[in-house]
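Presented sequentially are two complexes of subunit A, the first with subunit B as partner and the second with subunit C.
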Partner chain A sequence: MVERTPILNFFTHLILFVGFVFCVAPFVIVAIAASHSLKEVNDVPMSLLPGSEFWVNIKTAWTTADLGPKLFNSFVMAAGVAAGKVIISALTAFSIVYFRYPGRMLIFWLIFVTLMLPLEVRIVPTYAVVANVMSPYQAILDVTGLSWLIEKVSGVQVSLSLGLLNSYTGLIMPLIATATGTFLYRQFFLTVPDELTEAARMDGAGALRFFIDILLPLSRNNMAALGTIMFLWAWNQYLWPLLITTDASHATAVTELKQLIPNVGGIPEWNIAMAGTLIVMLPPLVVVVAMQRWFVRGLIATEK
Partner chain B sequence: MASITIRDVRKSYAKMQVVHGVNLDIASGEFVVILGPSGCGKSTLLRMIAGLEEISGGTIAIDGKVVNTLEPRERGCAMVFQNYALYPHMSVAQNIGYSLKVAGVPVAERAQRIQAVARILELEHLLDRKPMALSGGQRQRVAMGRAMIREPKVFLFDEPLSNLDAKLRVQMRSEIRKLHRRLSATSVFVTHDQVEAMTLADRLVVMNGGRVEQVGTPAEVYSRPASRFVATFVGAPAMNMLEGEVTLDGLSLLGGSRKLNVSRAGLPVGSKIAVGIRPEAVRLVAPGTPGALDATVDLVEELGAGRVIYVDLDGAAFSVVTSETAHPAPGSAVGLQFSEADLHFFSSETGSRLDVFKASMPVPAL
Partner chain C sequence: MEKRVTFSRWSIGILFAVPQLLLIFTFFYWPAGQAVYWSLTLQQPWGGGNIWVGLDNFRSILANADYWNSITASLVFAACSTGLAMVIALVLAALTDRQLAGSRLYRVVLIWPYGIAAPALAMAFRFILAPEAGFMAVVNQVWPGFWDPGLDGTDAMASIIAAFSWKYVGYNFIFFLAAFQAIPRSLIEAAAMDGSGVLRRFWDIQFPLITPTIFFLLVINITESFQDSFGIVDIMTAGGPANSTNLMVYKIYSDGFKGLDYSGAAAQSIILMLLIIVLTIFQFRFIERRVHYR
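Coming up: the complex of A and B.
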């Protein structure tokens, strides 16, 4: 595998280059389209030389789709999901790997099952719960006849209601509740030598102390990797934000991009749409570049 | 300093019992080494003392107080692990001081105590390094420092030297010994290496299959092994064992080809026994010397100061350690001579030592 001959070198570089072109071409075309005027972008074929309207298009896209607040919403959601995921995953994996309690395997498998039930599959019940977080409890009260009893005795009608539509909590919470991160952490925790756990016990550290002082610092790379992946994943969410943000004040940048896409029969302003796309793509790109070093380490190797 | 009292301690995993009722008294300040082959349960016993492993039966008391249900931190023990178990993300100073940090010792006092420990272990110049950047011997010393800083009542060592190279091992051995002389804290040291065990121990505990075979000073264990297992496990090369049977006029050895004139002392005729003799206790003489056993040389191993000569005695392998310069060639005939006082007798059934025989020199059967 480490063989090096000029011909082999040439072919590896050729393959690398073809792959690179395939990956980068769409971005280049988006950037070029974003720099054209309305007339140029609709030429067939579109010129592949950059035009001169880039900053104008960017500005138009920014104001038309009101991207400032939307990017902020997206950022809050993505950061919230990433942070929530990292914390929840680390805690659940810690519990599963380091504690023995009845039902541990059952809980493990329940978490595992969520891998097979992504948000899209359970979107209707999830929507119902988010629309009124109290609805399951209300149902319990109704079914057991407790609400009837309370109404008879006190004359108060029980009607619990707490809606999370159009809120950051509603945007973030359901996206946190999946198992991928738990498994990443579980695999990592299983590679931490038992002796380290025992040394911490001998040093007098309790479970939480061990988690905070030893496990968390050791899983720094994993945290960065998981955080980055989840940030990107949450940033790119479309269906869920679309569903629960009925009010534009909580809409995210990705859903609002739709505003820029020309309607059938409308003005084909693809240059503006592409400029908007570029803006929305930028934050995840920055995150990936900034986290790259940690990210790669967290995915490939466990520090020995 | 503390004494440790172990009473009928047992340990079972699921259905399998791995420690079968161990009794042991360790005096305050004593250095006790638990020696046994891999898998005999010595780590398990040590970890039960530490509190890392639940005790399935019996009691362990430290300073007279039963500690069965106490957490490790409440027992006053410190442990040095086989793979050092240093926290990889902490510096040497943080590693050593972690237990004090957990205990809430103020920063200034902590730093001062870390310094004191580092001075004893000659780690002062390494305090800012991460464990990754240390050699094996240095990591070992950090692990010792981490145990020392708490000024524990009891030091526990689980094969702490087995990852070091031979030279470093000898050096760390004497450092541990010196440290013990200086701190004189009660220490329990687990190892499968008998040289380590002999050199370190005030008292040796030989374990096999989850049971204690013998407790005694290294000299006692060497000169009066309590069982056939101890006899062959302690000492290198291992003690020679010849199978024998009680006859009317003494013992017949090696299926009747040799005879030993001893008094039967009440053992029924036909009882199977084993006769042991240390390779160091055998003298090489010219073949045919009266009273000596004739054998053929198989192999000679040079040790520098002496040599081990492996011989064939009517099909049984037998080894002799000699410091004489005479160098018998493989295939040549030699005579083996030893005195009765050096013979050990063990029951073939139970393996336990028999002190009933008065041996005289074996004479070749006709």
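Coming up: the complex of A and C.
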């Protein structure tokens, strides 16, 4: 603030307050609707004072959508994606920053291109790959004639097959296969002083030792930021889990929400639906609030 | 930028990149290639492999009115939600940057919506905007038949735009605020000393300095509006009424997995890929020129 601007200050407060209300209102409305009875929630206008059926509704939503195991699935998927990203991106970034091998730039660009096309766009063929992850390799063997050769030589017919539908691996792996974290690490590794590497080499440390004992401890902040943002991103995935978990026992909490959409006809059970929504939106909200610093940092760093 | 000091063992270096390369080959390049292959072939109804049909899949899609309707809907959705989310976020960030009392609170709270899963917030908005219960019901009582996203395509489109914008205001806000705070305070103070008011300073100093952020967010918002809208559409409208909210990703999903038309869905994927690539290149080439970089 440089000068006195009482009128402008008033409007600043007013507009920000309106923004605040719009931002928080849906959370509040969901919580209030979740506490009403079936009749109260369908009243027009709905009362904004909390009702008394909160725990009953939460319990009904919990059992209807079978949220216990579903939340567990979501948690495993989100944690798996976060951990996988944090580890694999670190390895790759180390490789492209600290080594000079032929084809390094090619690898860099191969990874960079994956930023362009999100999973949603190539969803149908990715599904086919996950139904049998070995199919690319089988096709390569067939086309190059290698499978014919192996069959002639050893008499074994090559048919690789490994289905990953309805498995945690199938849920997690395709979500890790993008470049998001790699560039975050790359930027950071480039700022690590060369003297550190020189000193480590002088002391006889090899690449692996340098990576584990020096580089990884230094990137702890990056890992927290990337882990947080990837956890949230994976938790909030919808289309992918919806497709590959044809078996209800592997569905995630977010895909399970669909079970709670009130049916057409009859009095819509919005109180139950909102109770379920509240349960599903709570874990990411807790992560955002608790890890705010890392969340903001990760957000800004991964996108640039 | 390159490292001066590196390790000399190639083999180890390549080994470090192998897990990532295997992953992106299996789950990125192969499927992308597969999409191209499927889009150029037609699967036989009773098995027997794919036959080559050249560009026929594309021709039949482009001749289909439903598909054009889907493109129009996606573009309307992208334009409205991006515009809304960015303008609101810009205003809120500019005002928060004035750092009056309470601005810390806004900085914390305005980010929350971005953490919420699209389907969950879609559910919340479906209730809030439901015609028979919730809040629009009050409006409907005063003015019967005014609002029904289940029957009126425009209302349905407005609903999904509202839900999507609500989430992305928080996202854009973070970036705008960071950009505003990166502007040196002394610049603003110097301008104030020269007698320029708040608005003048905004248009002549702050706005030009944050154009890179605006440009960046524009690209991200438009691409996200193609992808992240799926959950919102699926929960709120399921593409209806009468295909008015049948956005491109939703159509790919319903044609590919419900209609089992892999070739058609693959061709649509290719068009969407091209659209995203063209948008990105277009924005880089034409908008970036008018953007101020330090």
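Just so we're on the same page, the second predicted complex is superposed on the first by the 250 of 304 C-alpha atoms of A that agree within 3 Å, B and C clash if a C-alpha of one lies under 4 Å from a C-alpha of the other, contacts with A are read in each partner's own complex, and residues count from 1 in each chain.
Basically, a contact is a pair of C-beta atoms (placed from the backbone, for glycine too) under 8 Å apart; a residue touches a chain by one contact, two chains touch by 3 or more.
In this text the structure is predicted, and so the values were computed from the model without any measurement.
Contacts of A:88 after superposition: subunit C is touched, whereas subunit B is not reached.
Ranked by how many residues of subunit A each touches, subunit B and subunit C are led by C.
Contacts of A:217 after superposition on the shared chain: subunit B is touched, whereas subunit C is not. Looking at the shared chain after the overlay, A:105 reaches neither subunit B nor subunit C.
Within the superposed three-chain model, A:209 lies in touch with subunit B and out of touch with subunit C [touch as defined at top]. Of the two partner chains placed by superposition, subunit B and subunit C are both touched by A:201.
In the superposition on chain A, A:49 contacts neither subunit B nor subunit C.
Taken together, the two structures place residues 198, 201, 303-304 of subunit A in contact with subunit B in one case and with subunit C in the other.
Per the touch definition, subunit C reaches subunit A in the complex via residues 1, 3-7, 9-10, 12-17, 19-21, 23-32, 34-35, 38, 88, 91-92, 95-96, 98-100, 102-103, 105-106, 108-121, 123-128, 130, 132-135, 137-138, 141, 166, 169-171, 174-175, 178, 188-189, 192, 198, 216, 220, 223, 226-227, 230-231, 234-235, 249, 252-253, 256-257, 262, 265-266, 269, 272-273, 276-277, 280.
Within the complex, the subunit A residues that touch subunit C are 1-3, 5, 8-9, 12-13, 15-16, 19-20, 22-24, 26-27, 29-30, 33, 41-46, 88-89, 91-92, 94-102, 104, 107, 110-111, 114, 116-118, 120-130, 133, 136, 173-174, 176-179, 182, 189-190, 194, 197-198, 201, 206-208, 210, 232, 235-236, 238-239, 242-243, 254-255, 257-258, 260-261, 268, 270, 273-274, 276-277, 280-281, 284-285, 287-289, 292, 295-296, 299-300, 303-304. Chain contact summary for the complex, subunit B toward subunit A: residues 50-52, 71-73, 77-79, 81-83, 85-89, 98-99, 102-103, 132, 146, 150.
Residues 193, 195-196, 198-205, 209, 213-214, 217-218, 220, 303-304 of subunit A touch subunit B in their complex.
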